[in-house]
Amino acid sequence: MNTVLWIVFLPILLFVIGTFMLGYSRKYVARIERRYGPPIQQVFYDIFKLMSKKTNISHGWMHDFAILMLLGGTLLTMYFVPVPGFHFFAQYGDMLVIMYILLIPALGMALGVGETANPNGSIGISRALMMLAGYDIPFVLTFIGFAMINHTTSMYELIQVQQAGGFAGWGLISQPLLGIAALIALQGMLGEKPFEVMVAPHEIATGPMTEMGGKFLGIMMIQHAISIVVELTIYINLFLGGAVNWFDYLLKLFILFTALISVNAVFGRFRTDDAVRFMWKIPLPLAIIGILFIIF
Amino acid sequence: MVNPILLIIIPLGTAFLISTLASALKNTTKYLALLALLANVWISISLLPEVLQRPINVIIAGVKPPVGINLFVGPLGAVFSVIISIAGVLILLYSFKYIEGEQQHKYYTLFLLLITGSHGMILTGDVFNLFVFFEILAISSYILVGYAGDKNGFEAAVKYLILGSIGSIFILVAIALIYEGTGTLNMADLAGKFSTLDPARRLMILVFFITGMGVEAAVFPLNSWLPDAHSSAPSSISAVLSGFVIEIALVVIIKFVYTIFAMTEVLGFLAVAGVITLLVGEFAAFRQSNIKRVLAYSSIGQIGLILFAMSLNSKAGINAGMMQIINHTASKSILFLTAGYMIVKTGSYQFSDYRGIAKKMPVSSFFFVLGVLSLLGVPPFFGFFSKLNIIIAALHAGGAFYITMVFLVLLGTIIESIYFLKILQVFYARDTAILDVKEAPFLPLLSIALFSLVILLGFLFLPQITSYTGNIASELVTKLQMAQVF
Amino acid sequence: MNGILSVSTVLNTASAGLIVLGLYIVFTQKNLIKMVIGLDLADTGVNVLLVSTGYIKGNTAPIFSKAGLQVSQMVDPVPQALVLTSIVIGFGVSALALALIIRLYQKTGTLDTSKIRGLKW
Amino acid sequence: MSIVSNLLLLTLLGVLLNVIFYKSEVVQKYISLIIFAILTYLSIVMYPLVGSHFEIPFLIAGQHIGFTITYLNYYFALMITGITLLTVIFSLKFIKGKEGNTHYYTVLFLKTFGMLGVILSSDLLTFFVFWEIMSWSTFALMSTGGEPAHRSAFKYFVFAVTASMILMAGVILSYSLFGSFDFAVIHGKMASLSLPMTGFLLTIFITSFSIESAVFPVHSWLPDGYSNTFTTFTAYLSGISTRIGIYGIILFLFGVFGIQTVDKLGIIGKINFRYVFGIFAALTMIVPTFTALYQHDAKKLIAWHSVGQGGYMLIGLASGSALGIAGGMFHVLNHMAYVVLIVFAIASVEYRTGTTNLNKLGGLIKKMPVSYLALLFGIIGLAGLPPMNGFVSKWFIYRALILGGYPFLAIAAVIGTLGTILSVYKLIHNMFLGQLPERYNDVKEVGFSMQLPMWILMIVVLGLGVYPGLAMGLIAKIQVSLGLAAVPYALHGIKAASGQLDMLVVSAVFIGGIAVTWIIYLLGNRRKHVGQYNNYAGGNFLNKSVAYNFNYEFYAALEHVIDPYRKKIIERTERGIASVTDAVSEYIRRIYTGMINTYGIYVVTAFVVTIIILKELI
């Protein structure tokens, strides 16, 4: 019964958290830029506005289906990532599964954007995929190292292991190189500056979102809110010792997110090739050295 | 019992008959030649079972060996006679259409003399007679190489003749030394007495003999005449020369080394010479553009392989070598004979001019493919089994040395496969440059088809073939037959 | 005859000399006719060698020319028979060689081996 | 027992009938269809006969031609006959009226004959004989399709004949070592062989099979060879032909040599034979996959992936754990299903548009939705994303590598997967998405006979993804029969102590997520479909004269990053070997100077050298 409640309310919960985080992010960046910034609930208004638009332009059935795949895939990921008090699905799929279902929304969006037949969209997708090749390799490598040392690929068990070791058991503390590498990769995964060239509003008209409007864009924003929380949770679970309760969880979320958007606020954006090169030159060697430490 | 001497007398007599009756018979002499060779086939085949029981020793003119001259028909001689006769008949059949003109009786005379010499070389039991038959074979092949009467033919014939003469000088020196040392020319007698000679003289004799015979056997580097002669001769003669003439000389060397000289310690050297010959032949063929030169160089490679197999000092090796000889006789004949009509029809020796010829000459091309496949040792053709046996025998000889040799042999096969495939791809190219080419006539195709039966169905008769070649192996390695007669 | 120079030594030396000379001509001369001459020389050398193998010191020719001549007094007749055969063959080969060379000369217009290289490689 | 002989004889009959009726395409295709249907049926009902042995009483070198049915070759026989049947069904329409299709079915039968013989053989010699038949028929398959096909088939031939010769050396070497050709006998005597010799022998065999299964660095024959021939052959060759090499590797690593023997072959510390093999497999995953990114031809792109995916199978086998080996074997089946599906989709597009050039296509989703769907299923499988089958086997492999302690091999697998995702998106985008060129306005979906195999394969790809247990049952039996630990499987996943996989739950949650989203989607107002020219163009208008598309140089930035590392070492080495061979043969030819005087000198030199050498010998 408890599980059913979690299944029903978890998406809503994370959506709310995610939306407020996005709002908080806008406000935070605005303050750094000496602006006033929108109210923290602005993202809610945006989504509500988009969902209730009269005209919803679509370029074909893949365009329609892509949006389902986008949010559907994100919800799928969300259920498999353990949060405090809920790890029902963790027994059916481990971290490897999560890593690959994380890509489903990306693929779905890519296909949908492809059908819109807008070159700006295609360029955005092309950039996003290249960025994927950049950040995913170091990120997965850190996970591989971490899983290897603990002899499990289950995220839930990784959390348990870390919590058993107390603060010193945190991944970031016990394997600092891996933790830092993953942190940099996480920045890319979230698509925050300096790794946001796939959206690049001034160059390619927001890239993948070019032909998305109305409820399509609305669902994309819902997905964005949830996926930010999910991705941050993955990092928390792997390297920040998971969370023992919701307070702990929200605190870690808040601190981590603040750290990341602080970087976002002060950087410009990398060119695609520079971003990929950066990912392969800094976090990747870090992760490799970290793994070499584990082996020897 | 049929007297094996008929194998020599019939073609010899017919040759003279043809040359004397030429003016009367005009162009029907070929049927006479065919009859003679058919008789040869029948005789050699009927001899086979008998010989396998017990070798035949024919005494000529009533004087017993070691003084008199004799023919010694062991399994080696019998099997080789069969190969010579059958290949002779089939190639003669091919020549019916291929050789035309008023002077064709000369061709058939020489052809029969060549067959005479071949039979003589393999059957004789006398060292000097070996030389005489060698000369008969050589002289007739010199002329046949130049038979076409073009510049290349004469050039090749002259080169062949000069090198052949050098070879025969070496052989003759070896014979003189043999006679001086042992006082006998009879092979069986010699086999007993040879070991009494001092090692230096034995070595001299052996090397003189191997060098002299090696010229005809096309062992590197004595084979420099071969690419020219085999590529400039009429294709039927190329088939004969590649098909069994060089093999005969090779087998004579092997026979002498194993039984008569009984110097098996030099076999390792011969094996290396064989592998070098193989590699030189295959590499030299690799960049050829003239189809007959490709085939000629490939013959050098194959003869190297056969030499390697037969020098393994084991029954298995000789067995495998004999199978490879059969395979080479059949497949190389097919290749030369099919190439012969392609040259005739297109008027070019360059295989690059044969683009898409498979559309115009499908049957010939098909047989060419068969020949190539068997030559390369692709299962289930006959060549596969002989090559397999060769490598088994080589690895049974054991040791890193033979493993290395086997890898070199396989390298040679790779090279060979590549250059043959280049030709096949040209044959089967989609686009074709040749327009007015027709298929070869029926009779030559029949002859080629009969050859290809050997490589196609050979594997069904493997046990029988192995029993014959196995007898040859025991003849050479254990010298059983020799002892049975004397 | 006494001392170093026995008959067989002389014959062996002569034959070796002829063979080497003949082959030397074959290897160095570029004229085809000269090469044939060289071959003939070498051939003669071999024939001398063959004859020498049958030589028995002090014996006569193997012909029953005088009454009472024993077989043991004759030299070995076999090599003589061989030499006869060999000479005939040598003659035949030379004749054939010259015939071929004539035809080759008609086709190419030269006897120089370095120019008759239509077939190579 | 007669089933084996029936299988082989029927394929031979197919060859024969197709040769006889080489003029009538109609007769050919129905004969082929019927015979392959029977063959598929026969190989399915072969199951109860697993474990039996069968000999043709014909001696080669004192050896009967022997066949045996094991779980392993049952698995492969099913794949071979099944995929050939689907290829034939697809070809019925596809191949009609194409130039050079006269011997299409003949070579297909010949190839099937060779492959069936190889996998069913129970001794080395039979194996080798059929191996040769298979290589030659592969060559014939590749040669169909004009001049470029001839050239690339030639390249294949050079590799294949080298592989054959190496294999022959191995076959005969083991015969002289063990005195038998029989796999079981050799396996029994393996322990008595010295370790260096075992290593040498195993290296010979694995090298030979590696060439056939296109392992880096001997893979370069494959992409051109597979992509220049008929597209249906591309599917067939990528799907099953290359994998016979994998069969050989499985058979020899686990069946003939045995994993215990192989594990004894240590080099230094943890580096053993398997590890070295794993490194080659890792390079096979990475290099060809990233080369695929650069391709502009759909067939070539997939052919490169066909090389890369082979690396996953091999790395699974190299991991040596039950999970990894199961993953490797399962990936053979999965790869076959999705790659054939992908190539069929490409073939459908080629059938309708006449091109596979990725720069010329686009927007075909509007015209050919079924082919699009087929390609979509295929690429999700190829990229290894849930819920398709490719994910499951890759999951096995990743997990085996991580838990087995091979982090760098695991990361190689991940890098390969990322490269795959990138290039398959390019594939589907450039063919089906983006702007539809005007010239394809009247393109239609392909007919039923071409759709049917695609639907079947889509079901297989999805079915095996959700219910991997369907195949895992057989794979576990194979593992037991090879003396390995069986993988603990369930119908829809894997049972393991830590971190499990249940594909049914994953799929169900995914569908649930889609359903929820759909509800949210329905909350909004109705969407309206618009044409492709009704598009944002920076305030400008669009019509058919404006090429408003992005597909050329799709990953220019990434290529820019990778380019410095692409040294084309393999290509240059190959070219080097070729030119060295040419030079060597050119010099050796020069021995035959044409000067009769030199020839005479050769004779005397040979004489002198022989005396000098033999004086030492005697």
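First chain written, first letter: the chains are A, B, C and D, and each begins at residue 1.
Throughout what follows, a residue touches a chain if its C-beta (ideal position, glycine included) is under 8 Å from a C-beta of that chain, and two chains touch if they have at least 3 such contacts.
Bear in mind the structure is a predicted one, so any value in this text is a computation, not a measurement.
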### Task
Select the chain whose centre, defined as the mean of its C-alpha atoms, is least distant from the mean of all protein C-alpha atoms.
D
#### Entry: Identity of the chain that, by mean CA position, is farthest from subunit D
C
#### Entry: Which of B-C and A-D has more C-beta pairs touching across its chains
A-D
### Query
Using CA atom averages as chain centres, what separation in Å is found between subunit B and subunit C?
29
### Query
In whole angstrom, what separates the CA-based centres of subunit A and subunit B?
79
## Note on the structure
CA centroids of subunit A and subunit D: separation to the nearest Å works out as 36
### Query
Taking each chain's centre as the mean position of its Cα atoms, how many Å separate subunit A from subunit C?
99
### Summary
Residues of subunit B that touch at least two other chains are 158-159, 162, 166, 227-228, 284
### Query
Which subunit C residues reach two or more other chains?
23, 26, 35, 116, 118-119, 121
### Summary
Checked against the stated definition, the touching pairs are A-D, B-C, B-D, C-D
### Task
Write out the stretch or stretches of subunit D touching subunit A in their complex.
363, 365-366, 369, 372, 376, 380, 383-386, 391, 395, 398-399, 402-403, 405, 407-408, 410-411, 414-415, 418-419, 421-422, 425, 428-429, 432-436, 493, 498-502, 505-506, 509-518, 520-521, 523-530, 532, 534-536, 538, 548-551, 554-555, 557-558, 560-561
## Note on the structure
As the complex stands, subunit D meets subunit C at residues 589-590, 592-597, 600-601, 604
### Query
For the complex, which residues does subunit C have touching subunit D?
23, 26-30, 35, 113-114, 116-121
### Query
For subunit D, which residues are in contact with subunit B within the complex?
59-61, 99-100, 125, 128-129, 132-133, 136, 143, 146-147, 150, 154, 157-158, 161-162, 165-166, 168-169, 172-173, 175-176, 581-582, 584-586, 588-589, 591-592, 594, 596, 598-600, 602-603, 605-607, 610-611, 613-615, 617-618
### Task
Show which residues of subunit A lie in contact with subunit D when the two form their complex.
11, 51-62, 64, 67-76, 79-80, 89, 91-97, 100-101, 103-104, 107, 110-111, 114-120, 122-123, 125-127, 129-130, 132-133, 136-137, 140-141, 144-145, 147-148, 151-154, 157, 205, 210-211, 214-216, 218-219, 222, 271-273, 276-277, 280, 291, 294-295
